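Right, one structure below, let's go through it.
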Amino acid sequence: MILIDPLPRTLSLICDDDTTARLRKLGELVVHESNRMPDAMVDEYLPQASILIGQTDLPAERLERAGKLRAVFNVEGNFRPNVDYACCAARGIEVLSVGPAFAQPVAEAALGMAIDLARGITRADRDFRAGREGYELAGNSESFLFSGSTVGLIGFGDLGRAFRPLLAPFRCPVKVYDPWLSDRTIRAHDAEPASLDEVLSSCRVIVVMATVTSDNAGFLGRREFDLIRPGSVFLLMSRAAIVDFPAFLDAVGAGRFRAATDVFPVEPVAADDPVRGIDGLLLSAHRTGGLREAFYEIGRMVVSDAELVLRGLPPQSCKRAHPALAGRQRSMPVEQR
Amino acid sequence: MILIDPLPRTLSLICDDDTTARLRKLGELVVHESNRMPDAMVDEYLPQASILIGQTDLPAERLERAGKLRAVFNVEGNFRPNVDYACCAARGIEVLSVGPAFAQPVAEAALGMAIDLARGITRADRDFRAGREGYELAGNSESFLFSGSTVGLIGFGDLGRAFRPLLAPFRCPVKVYDPWLSDRTIRAHDAEPASLDEVLSSCRVIVVMATVTSDNAGFLGRREFDLIRPGSVFLLMSRAAIVDFPAFLDAVGAGRFRAATDVFPVEPVAADDPVRGIDGLLLSAHRTGGLREAFYEIGRMVVSDAELVLRGLPPQSCKRAHPALAGRQRSMPVEQR
Amino acid sequence: MILIDPLPRTLSLICDDDTTARLRKLGELVVHESNRMPDAMVDEYLPQASILIGQTDLPAERLERAGKLRAVFNVEGNFRPNVDYACCAARGIEVLSVGPAFAQPVAEAALGMAIDLARGITRADRDFRAGREGYELAGNSESFLFSGSTVGLIGFGDLGRAFRPLLAPFRCPVKVYDPWLSDRTIRAHDAEPASLDEVLSSCRVIVVMATVTSDNAGFLGRREFDLIRPGSVFLLMSRAAIVDFPAFLDAVGAGRFRAATDVFPVEPVAADDPVRGIDGLLLSAHRTGGLREAFYEIGRMVVSDAELVLRGLPPQSCKRAHPALAGRQRSMPVEQR
Amino acid sequence: MILIDPLPRTLSLICDDDTTARLRKLGELVVHESNRMPDAMVDEYLPQASILIGQTDLPAERLERAGKLRAVFNVEGNFRPNVDYACCAARGIEVLSVGPAFAQPVAEAALGMAIDLARGITRADRDFRAGREGYELAGNSESFLFSGSTVGLIGFGDLGRAFRPLLAPFRCPVKVYDPWLSDRTIRAHDAEPASLDEVLSSCRVIVVMATVTSDNAGFLGRREFDLIRPGSVFLLMSRAAIVDFPAFLDAVGAGRFRAATDVFPVEPVAADDPVRGIDGLLLSAHRTGGLREAFYEIGRMVVSDAELVLRGLPPQSCKRAHPALAGRQRSMPVEQR
């Protein structure tokens, strides 16, 4: 039996027809999509379930009754503290996240936005529509060549690892700040380990791809923005909570550096929010990951790994929760209005 | 003696201090920058010159008096019919273009714009500023994943060869239409040779990088635009004269496909030109090549090749004119207003 | 406290001076190298140890007394059934192997040997010394171009993943047979999933990189060797027990295909073993992995991961044991004479 | 009309059936293969020929009678001084070499031999056959990891450019000494320009890929071999005449460094030549280029370029003679016995 409690997703959002057919072959599907699966329903079916797809609460006492459970698939993308990860590990239950489904879409958008900021693409289009475009060199007073520019990454998880290879043909030196990684790991990805301050003060293109944890909320604030060199560009691709957002907008609004953001402290952004008028800021409404194709990729990852787990093999497509880290992640980055 | 007649460039535009110093070491510099070098001045100095930097007219009768001339560097970037290329070849005079200096800047901008069109980056920024942004999937109704999309190139010279490697990490199948190239040449660059119609009708991302010649003006017209599949994107990166521009704007304006253009039939574009209001068109004012850094690259290429030529070695950085093709090129793509 | 029981390694074999210094910073070292650490010594120190480096037996009852243990590093390279992997998982103890330290040395040797077999390098050297060399085309009657040849991999773990990128510049299509992997995983490494029979019957270059398990001993036998096309080449890089060795030698000796092997059922090979005289077989005495540099790499991996584990972070350089698979591995491939 | 005088090749050696069919479509073929085409025959047909395939002597007075000639294809691979290159240039006749046909076969063999020397593959096979093999670390006392080793190239033409990309996955720093190239050109291929002495004294793997010219015969002699660090390896892939061969054999025989050579001052090598017994020398009988497949590649390159030339387009597959350099090359490196 496969228990499916996919909120905020739905089964049809994440599975195309082929994937659904493969899923059905794995066992009886018990689905509850309209809202979070009621406790009674969870408690009824969990003892029979070998696979759970969803962000259902899983405290130790509930896990004790899940004697056949082999894997839990978080289809939202971030681990949250509502699962007893250590207990899952002790019971041999894999806890898996589909976060990597979004890595490629976000990475390619990040590259597009990085080139956009370096070369002024969106701003030049806006100027052209307003009749104030500059031609050739006159239109490039703030542009710089992206190729060969030093790129600094803050956070180097799935997203950073999808982004790094896209830089290879541009021959950009890459520096990485990620306190969870060893220097060996960073060097194995053709990047140089660096302190946060070094990334901020020495890179022409700075890309934030760090996850939000219980420790790092707002760790990029006024002090850090002051380290960024004039003429550099800054991209916030992961979570708004990582930065002191007002300080960020002040710095960009003052022309300290150009920036792009895909995330905001509260979404949707208020109609009269002044963020909408900042000229040096490329605005993206939390849309770099959420492609139709990325959602279908979630289903393919889940089914592929569920097939493996049911054969006694380790999962390979999804990201495995590490008990020590999964509990520190905060998957509610956005206060929904 | 080195004769320098760089209009429309100036020596300080194309040479940084280091490059100027290297240039001076090669011989006496005779420079005329305010306008085209007067005929009398050319005729006076040409017999002593070993290197000519500029787009000076060089008919056969003038070349006959240039007994020491070893190389001519066209620093504008396109060959024009004002040089007797066959006569230069016969006299062992290299005719060279700095066109490759612009290849990398244009290629990276083309990639940025291609991702922009696939993912809707600039349009989403415009929507956000207007308060009509869509979040996550709702903001991506027309977006597609650039990674893996089939890319078609029309024209595969220096620019195409700088662009192709940037696609490698995206695993995009690449088709090339270029009637001047053998299939072997195209395949050697990891691309599939294709007819024009196949490129137009089967590629999700179509990029025009062809030079303008005496033969191909306006060869992309209504019939060709009708072949493009709805939902594809089209980028005009080289010269406006290659397309039937009104037909192009009609197709984009009607929403047949989204597009970007860096070039226009007349530049600057008139203040009231309706092109400024087409929503599906990413507008760039002939600015993808003209970076400060690209102009300095011109000087470095010229000096590096001049050093080689004066040592009796073949030039390596600039593009050599082929007599049969150089005369067909049309380097005045833009009617200056 | 760090317990070190490294047989068949020694601490000085796997740690250069820098690495030893880093190791000492992590805690008190208790080392026993002359033979396997005696049970009494293990039992005395294990309750205080946070890290165990070695292949010490770890049944459940012993693990129960290892209350501070956070990680076990197998420095031989293969998991063996002498550890209760499920119990370790349940207690949050990482069990790690340094197998990846050998992946790059073996992969580069495998590429060298594959080119050697395709181009006849070693055999041509032997012929030259014997005065029977053929020049140019006459020396290449059995040679084929490695570039572009279809390569088939049997087993795709650490070694396969180190080998695959080396093939990229040769544009070889790659097929992979690995029953532990999903098709997605194989495709993510730019390879095509294939059945064993397809790999054997369609690939010009066949490379065995599979680990030995309780299931696969001798699974490549006469039937499988008969599937290999004449003129193909076969490389046995992982463990001799995977093949029916007499059938393998028969096939190579009969000239069915050329081959290389780095492993033998019993090592050292007997002085009069007829394997020493097979002309079509490239002989390597279990030496593709065992470089001085690879052994030092073991130490660097262990210390780097130990540092992480002691900070509460997941290990990143070593390979984590999967309870379901680790117990199936058989790390004594060679019967020591 | 297409004049074919292919000695030392034959038409069937260089053209498979498809290629021959394409060639026939280009015009009437006049072929003389048994020996060099007699002067009278050349003089009879040359005035009608648009394409000449072969190494026929072409002094200026003969070229004057070749009014329709558009291209000359040297199918041996090296330019020789028997053609008046300046006169061809002046008359708009392309002079082309098929040298690049051998670049990929030689490059892959060079990589195989470089790994062989670093890892001792051939020597270990010889030791194994002699019953004196060492296992694991004991068999690797002189081995070093090829990955990451500094590679130095002496000469960087077609062959070097085919070889360089093969090194990319090994992350080897690459230094190039080539006095015909600008530093820009070398850097554009991800290599560092270096002096000859720096390459010899600082690189672990030294590969000679230089062509022989009137200037460089024997330029690698005792002084140069003394610069090579003990433990480095040296590969002679292009022409024996570049080195002082006795000094080379002395150095290798004395164990100064290990080496490989594909070329010899006189070929075939005498039966009793002591070169056959040098343990540290990997011997290859001028066989790294001469694959059946490489010869067919010659035909494909010629036909593809002939098709282009007859359409008025520049050739793209073959190498164009540069008048200043072609005359300096010496294509008879081997004194045939």
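A, B, C and D label the chains in the order they appear, each numbered from 1.
By definition in this document, a residue touches a chain if its C-beta (ideal position, glycine included) is under 8 Å from a C-beta of that chain, and two chains touch if they have at least 3 such contacts.
The model shown is predicted, which means the values in this text are computed figures rather than measured ones.
**Student:** Go through the assembly and pull out the chains touching chain A as well as chain C.
**Tutor:** none
**Student:** Looking at chain pairs B-D and C-D, which one is connected by more C-beta pairs in contact?
**Tutor:** Looking at contacts between chains, C-D has the larger number.
**Student:** Using mean CA coordinates as chain centres, what's the chain B-chain C distance in Å?
**Tutor:** Roughly 51 Å, centre to centre.
**Student:** Could you work out how far the Cα centre of chain C sits from that of chain D, in whole Å?
**Tutor:** 37
**Student:** Please set out, as single numbers or ranges, the residues of chain C touching at least two other chains.
**Tutor:** none
**Student:** Determine which chains touch and list them pairwise.
**Tutor:** Contact pairs between chains: A-B, A-C, B-D, C-D.
**Student:** In the complex, go through chain C and note every residue touching chain A.
**Tutor:** 86, 89-92, 180-185, 300-301, 304-305, 307-308, 312-314, 316-317, 322-325
**Student:** How about chain C: which of its residues touch chain D in the complex?
**Tutor:** Against chain D, chain C makes touches at 104-105, 108-109, 111-113, 115-116, 119-122, 124-126, 128-129, 131, 133-137, 139-140, 143-147, 165-166, 168-170, 267-269, 271, 276-277, 282-295.
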